[in-house]
Every structure is written in C-alpha cells, then in structure tokens.
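Chain lettering (A, B, C, D, E and F) follows the sequence in which the chains are written, and residue indices restart at 1 in each chain.
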C-alpha cells in the first residue's frame, strides 16, 4: 500500500482521442510498456499534448548539451523536488544514455559525489539554482557557466529543463504518479542479460 | 539599471513564424501592447507554442474555479517564487477579474491577510503546498479541499496552475523578464478614468 | 472577510490623551486620513509614543540616505517579513519620494529585479542581512558597503531601519493591521488626475 | 579577539546630554556597572531615548505576565536570533527574578527541555511564532493561548516583547554589542557568596 | 572524476591490527568484497572498532523491528543527509531483506510514495524527526508511535538508528566515501541470474 | 515540570554489569557525581560501551587540537542541534579547560561573537558545515582549514567530533537527558570558592 491515496485513475487507452491513442500505442510498441506519466496525464488531453510538446521542444532540441547531460539535469533537479517518478524513470534513461549504471543514483543522492566533469558540475549547479532559488539568479551564475564554455543560450537550455521539471515533478507528486516497474532495473545490466 | 544583465534580447515580431506573428499582433490589437512574456519566449518558437498551449489548457478551462480564483493562485504562488513579472502582470489581470483593486497586493504580500473567503484560503493553501513542498502532499491536503466543497478534479486544477507557474516563474527569473509598464496600474483605477 | 480575526479594535480618537489626539488630527488634516498603524498602536499610549519617537529618529534623521532610499529599505525588508501593512503603506511613500511608480512593487517582489543602482543594491543586501540573519553579520558585509561609499555610520542607519521594521512588521502581523485603502493607489498616478 | 570588528566605539558618559548622563550614572550606582546596551546605543541619543522608553513601556508594564515570564520571552526569542548580548544579560535578570539558576540556560538551548509550566510553554510558543514567522500568525495561535487562560491583551504583551527584541537583537548583532562580564555569573550563586 | 578530492587513502589490509585484518578478510570471504566504509574508517583503528560495535549493537539487536525495517530507517534518513554511500550500500541490504527491489529507491526519493504500511510510515516519520529536528521531539511524536503499537523502547531503537546514521552519514560525506560498485545492482535481480 | 515526558528511567547502578558499575563508581569518586549521559545510556549496555569507546577515541586522542578546542566544537555544534545536555555539560568542561568562563556561553549563543582566534573560528566553521550540511562539504572547506595550518588529518578530527555529537545530541534529545545541576555552575567561579 502507499501512503497517498491514488485519486486519478488512468483512462482506457481506447477511450482516448486518436492522436493520443496512436502515440501511446507507438510508445508501447517501441518500449514494451507505456510510461505512467502518459497514462496519468492522458485524463486531460489538452494538458497532455502541451506537456509532450514542451518536453520534446526541450529534450529533443539539438544543442551543446548531450542527451545524457539533459537527463542529468532532470535527475538532479527531480531529486531536490522529491519526485519519485522522475528520479526513477529519468534515472533509467540516464543510465542508458550515459552507459554509466551508477550515475543516476549518485546524482539523485548527492551531485557533489557524482562521477561528472567540472563542466557538468557547473551545469548541475546552475540547474539547481533555477530549481531551488530562481529569484536569486545573478550574473555570477551565468559567469560560472561561461567559465566552462557554456553560452547564454546554453544557460537557457539548462534552466528551461530545470524549469520544465519543476512543473513535471509537481504534477507527478500531485497525481501520485508511480514509476513503472520496468524503470527500476533498466540500464543497470547489459542488454543481452535483460532480454535473456 | 537592473541588477541582472538582460541576456536574451527579444526578436523582431516580423521575423517570427506566421502563426506567432499573427498571435502577437492580435494581442497587441486587443490589449494595446504585447506582454513581455510573449516577446521573451518567442526566441524559442517550439517552447513558445507549448507554453501558450499549456497556459490556455489550464487558465481557459471551464471548471469550478472562477477566472479570478485562477489568477489568485498565480499571484500567490508567483510571490513565493519571487517572480516579479508574474506578480505584476497577473496581479493586473486579477484586479480586473476580481474588481478588487487591493487583492493582488494582499496575496503577493501575505495570503493570511487577503480579503478572500475561507474556501479561497483553502485553495491558496493547497496551491502553496504544490508550489513549495509538493513531495509532502498528503491525503489531509485533499481532505482540507473537500471540506470546502472542492473535488479531486478541482484539486488537479488548482495544483496544475501552481505547477505551471512553477515553470513560468523560473523562466521569467532566468530570462530577466520585466513587466510591461502598463501592468503596474491596470485595474487600479476605474476604466473611464484610465481612458479619460 | 479576512483569514485572521481582528482582535484589537481601534480606540475612538477623542478618548485618547491630548498629545496623541492632537498628533492624529494633524496627520488627518495633512494626509486626508489617519494611517491605521497609528490607530492600532494607540490602544497602548506608552508604546505608541515610543514607536513614533523611534520611527522619527530613524526616518527623519538627515544622513547620506535619501528619503526614498530609507523607504526602499522598509519595503524590501517588510516583504521578507510578509507584512502587508508596511509593504503597501511604505510602498506608497516610496512611490512618492522616488517618483518611480514601479519601484515599490519591484522591491517587494524581488530586489534582484528592481530598478536601483548597484550602491542601492548593496544597501538592500545589507538591510536584508540584518532582517533575516543578523547573527551572521560579518566584516565582509561592512566591506561590501564600504566599496559603494557607505561609512560604518551609514551601516548603522541602514541596519537600524531594518531592525526597527523587524519590530514594526511583527506588531502589524500580530495586530492584524490592514493598510488604509488610500495607500494602494497613492503615487501610482500623477497628482492632478488623482484629485480630478 | 572577536570575529567581528567593533566599529562603534562607545561615547564618554560625560559627553552625553544631561538626561542620559543622569540615567547612566543612576544605573551604575544601582547595579555597580553600566550595561553595554546603554553605552552602545548612547551614540545616537534620539534612538537611545526611544529604545529605553519602548523597553520600559513593555517590560515595566503591570499585566498578567510576571517579571520572570517577561524575561523568559526575551531569552527564548533572543536565542533564535543568535543575540549573545541579550541571552547573557537577560539570562542574568531571569535567574534573579525566577530564582532558578538553570532556567535561562535551558530556554536559550531548547525551550522544549525547560523547567516551565505548560502555560509558560504556550507563552513561549506564541512568542516564537512572532519572532520567527509572524506572517503566519493565525487564530489557532491565539486559541492556544486562550486555552491556558491568556487573553488577547496578554497575547499583545507576549508578542510585543518578542517584537521589541527582534529589534534589540538586530541592533546588538549589528553593533557587536558584547555582554558585560558581570552578567555571566549574576544569579548563579547565592547573594552572600557573591559579595563575600 | 569526482567533485570532491579524496583526501583519505585507505590503508593496506595487511598493515592493520590483527583483529581488524581478520574481520575484513572474513567480510571479504562472505560478501566477495570489502565495503568501503570499513576501508575508509580503518585508518583510525579505535574509531573503527567503536563504530562497528555501535552499529552491531543497534542493527543486530533483536527487537520488534525487522531487519528490513531497520534498513528502511537507514535509507530514509541517509537520503535527507545526502549520503551517497549509505543510500546505495544500505539500499542494497534493504532490497535483499525486504525482497522488494523498488523499496530502497522509493524511500530515498520520497517516503510518502514508498510501498510501506502505515505502521512503517509512522516509524519513518519518527526517525526523520530524530534525523532532522531532534530538538523539537515532543510527546505527540511518541504518541504517534504508540498508535501503531510501538513501545517507548521501540522508539529508542528507531531513534538510535537515525542518530547513529547521523554520525555515519557525516563521516561518509567528510571522507568522500564512495559505494562499492557491487552495491548498485545487489538485490535488484533474482539470485540465480546474478550468479549465472 | 518539563515539557517532554521522561520515558527512560535510569537503571540502579548496582544492577549494571560489573565493568559499567566500576566505571560509574570511578566517575562518581572523581567528579562527585555521575553525569546523566552515563545513567541514561546505561539501560542499553552494548550501546553504552560503544558510545564511551567512540567518545574516548575522539576526545582523548592526542592531536593538534587542544582539549579546550575539542570542547569548543562540541558546544558550538550541540547548540545548533538544540541539545541542552551537551551545551551545559560540555560548556562546563570547556570553561575548565579554557579557563575562560564566558566562552561556552558565547559559542552556544553565536560563534561569530566568541572570543576565539581566527584559526579557531575556521575550525568551528568546518565543524558547523559537518553538523548542518555535510552533503555540501567541498574542497574549499578543506582549503579554508589549510589556510589556518590545519592538515587533512586535523579536518578528520574536527569533523569526526561534530559527527559524533550529531549522534550524541540526538540521543540526548530523544531520551530527555537533563544536565546534572552541578554542570551549570562548574568553571564559572574560582576553584577555592566552589570548595569552600
């Protein structure tokens, strides 16, 4: 049993509008399961579509952040927000992209102990500032990024991911979103074992 | 001068994609000016469109929250996030919807002193929980809402607005978004005087 | 209705000691109304007189802080203390002295976004230190002021205003002091319009 | 040596205005020394006089709080503000009034462990609310006091002492006010021993 | 690379006193590796022995807490202290004892979302109180435990584990203790697969 | 009366295991009384023995910290943890070792005002970091110590004392450990007076 009652039952996929149904079936086809974030948010189709569009605009955008680095930001900021779903689900994705099975657990526990470069640490520090105390962002925060080769446009990318997951973490906590069981193990063991 | 350098110059409206240009011109036609949030976010068209879609899904949705109540949530949660733009811009909208020229300043300063009903106070308390400490949301928070006649679906609406502005406040603080001068006075004086 | 019961009804002006009655009538004559701070505190004549004397000793003192700068300190520190009365009443006075109708709202929302000089920002930072964490005041805080041309005597003036409003804010919150309606609009519109 | 430079040398008593000089000599006559709070604040005669008047209006007022209870409030709230001077000086006075040589150290360390009655604990809890988070004072805080027989007027007295020492603590921290050596031992040993 | 320099190299096992050498070899024999906590603390033999004795007195003690429940306390309180080593190492042990491969990740991220009973939630809440704010422990905290059938002796057991890991977490953070790679995967996959 | 019920009665010394009984009688012989920490913890002999062993390993260890400096760390970190017992008992020991009757009260109230050297202030700052926010310990904290001549081994000693009292403070708060009356006055008056 869980400590918070689940108040928002997920809709039947077949009852959803066509575009959403198609998308969810495609995800299921590709991943073998439908991540709960989609099922939870699907009860509000307009919010669902905007959420997915915003997510993709930030996470699929080609920029100077690698796919793994974007997920590092998600895991570290989701941890300070106490968002179980995002830590576990994005931790899985981070393990896959980074090919480091320890990195997600490290970033969730304490970024100061994570196996990351000083440049990545600056990126995480900036993201944390946006996550925790955006009112106090100052020129010195941008300058710290510049020292590691990041531009102001990179700062926007880093900060916007932290800002988007400020929203996402709150929706997951509000809706009692639980990670799919698959995420917990994903990326921890070599591929062939998992399929075997 | 301001304490934070403005690093993200706004694009020329004429350089924007057609749909965005049309939208901004329509807003200007209707309001007499283009709110800076649109100009700041327009440098990232995909993010802009998702932001507007998400905002409208939440703020234009017909539900048991009045237009003024939705804006109360925005002002109170933006204040704890130290977001000047949202306090001033949505404070203006709240004054217009509520026809109470004091309410926005009260909610920004201290919701405990605001001229609101106990039901609205419960709504604000729940929104604050989502804004500040969503990890600790518990059944008792939902029960407090139920005592004032709110449903779980209303709780989603209240929480989702707080969550969306958690994102919006952080983007405004990151991008040094300053309120248009028009917002400061809007809704404080009777219409005819303002036009006279 | 308000969320906190008003437990301290204001006394009839005619029932007050002569010196206080004269002072309140003079204020009414000059301003057109009696600020609620005087009416609330008047139930305790000895406290009232000491409060007014202390206020005047700090706020009317001729020193290197302009009248507007003193009020900047009041608004910014009252905001971190969540004091509605002082934010609104002193926000009005700040608008009048500074002739900037946006400044009070900016300082109340987030000093980092306020239209102030670096010298004034240092002044606000020092005042905030006194307001929030005076136990940790260190030589480096004084040195920051010196870098902007402030003396140790100026530091006393800045800090003493923050300290006095630490008291004032707490009394306003305790006694459920509400701002007079007049303060909300004062200084936002040019003089002639307001009278017209 | 101390960690904070002492920037505000105390004036020569003979250089002070007559009323202040007389008062300080009287205190010295009576106590055997002049508490440093008077010497530090004396450099600003107008602030000095208002401070003393405010202090006396609250601390000498006859009401349902005993002299010892008033000092309990001072010690407990000064501790959360990290004010060495007030903890030590008012701790001495509390020991004398309460005839309990342990009480001041207990209240400074942790009110939950102090040898006080449940009524006094409620008084301290209310004072702490005013000291730490006055913006959130609610009807329930007053009701807690009522349950222990306190009136709303008592609540004012309790809160006003906490509010005044919010000011006093900040001035002591700002001005690097150090307790007179005499205070540390005062009230810890029976009178005859001290004089012997 | 890591963000914190590793300042405390581990000693050669063969250079250690006989009792410690024997113990470490026995652990290695049994587990297949020596947990880094032993290697890090071994540079201080007296502290090492007291640490192990204290740990065993609490964690091996037979009482009304199951082995899994003791580890739940360790994981949840280590998470609020940001202790990577203890989260990962004791998370592994918790997975093995509880036979629930998700539980450790849930407790580290947000106990409110963990698959635990209300009784276990009360246990965790009490442990968190000890970990975060022991000065405020009150009768009501013990009563909450009593409502779930815990005795005062159980409260000691719960609190003492939280208190011991307050020490342990700080030593791990201070000494830059990193989890052995083996811990990350332990208990996540069925035994036969891991050995296969 | 005290605010927290005392739930853990102390055992009869004669009922204790021989080694513990001998130790307590020896302490009584030497000090004239048995400090309550021993009586409270004695109900759990295994925990008692490990506690004493750990305490002695840290506090009796010969290193570059003087006996007084070790106690400074204890008093300052116990104060931030709100541990009455440790502040009063170790405050007494600090007064004796330092021969400064004011120092313990200063460190408990506000280390920034204590009569200590800059080197000792750095030591206290590092200890506070371990006590309050060990997850964020960084190379810069060690470098601050190095600037004052401390080695990494000294950093371990400083941090380990802060870590051990993180445990000790929590056990004292949990078990409602009250300081023996003797501690309050100890070290405040010259020896001959105390014995006379």
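Everything below uses one rule, namely that a contact is a pair of C-beta atoms (placed from the backbone, for glycine too) under 8 Å apart; a residue touches a chain by one contact, two chains touch by 3 or more.
Bear in mind the structure is a predicted one, so any value in this text is a computation, not a measurement.
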Those chains which touch subunit F and also touch subunit E: A, D
Angle of the C-alpha superposing rotation, subunit C to subunit E, to the nearest 5 degrees: 180
Selected from B-D, E-F or D-F, interface repeating B-C by over half of its contact pairs: D-F
Furthest chain, CA centroid comparison against subunit D: A
Of all other chains, the one whose Cα centre sits farthest from subunit C: E
Centroid distance [mean C-alpha coordinates] between subunit C and subunit A, Å: 44
Inter-chain centre distance, subunit A versus subunit E - centres from mean C-alpha coordinates, in Å: 28
Subunit A and subunit B: spacing of chain centres that average the CA atoms, whole Å: 25
Subunit C residues counted as touching two or more neighbouring chains: 3-4, 82-83, 110, 112, 135-138, 173
Chains that touch, pairwise: A-B, A-C, A-E, A-F, B-C, B-D, B-E, C-D, C-F, D-E, D-F, E-F
For the subunit D and subunit C complex, residues of the former touching the latter: 3-5, 7-8, 44, 46-47, 49-51, 53-54, 56-58, 61, 81-83, 130-131, 134-139, 142, 152, 155-156, 159-160, 162-164, 166-167, 169-171, 173-175
List of subunit F residues in touch with subunit D within their complex: 1-4, 79, 82-84, 87-88, 101-102, 105-106, 108-118, 121, 173, 176, 178-179, 181, 184-185, 188-189, 193
Interfacial residue positions of subunit E with respect to subunit B in the complex: 110, 112
For the subunit D and subunit B complex, residues of the former touching the latter: 135-138
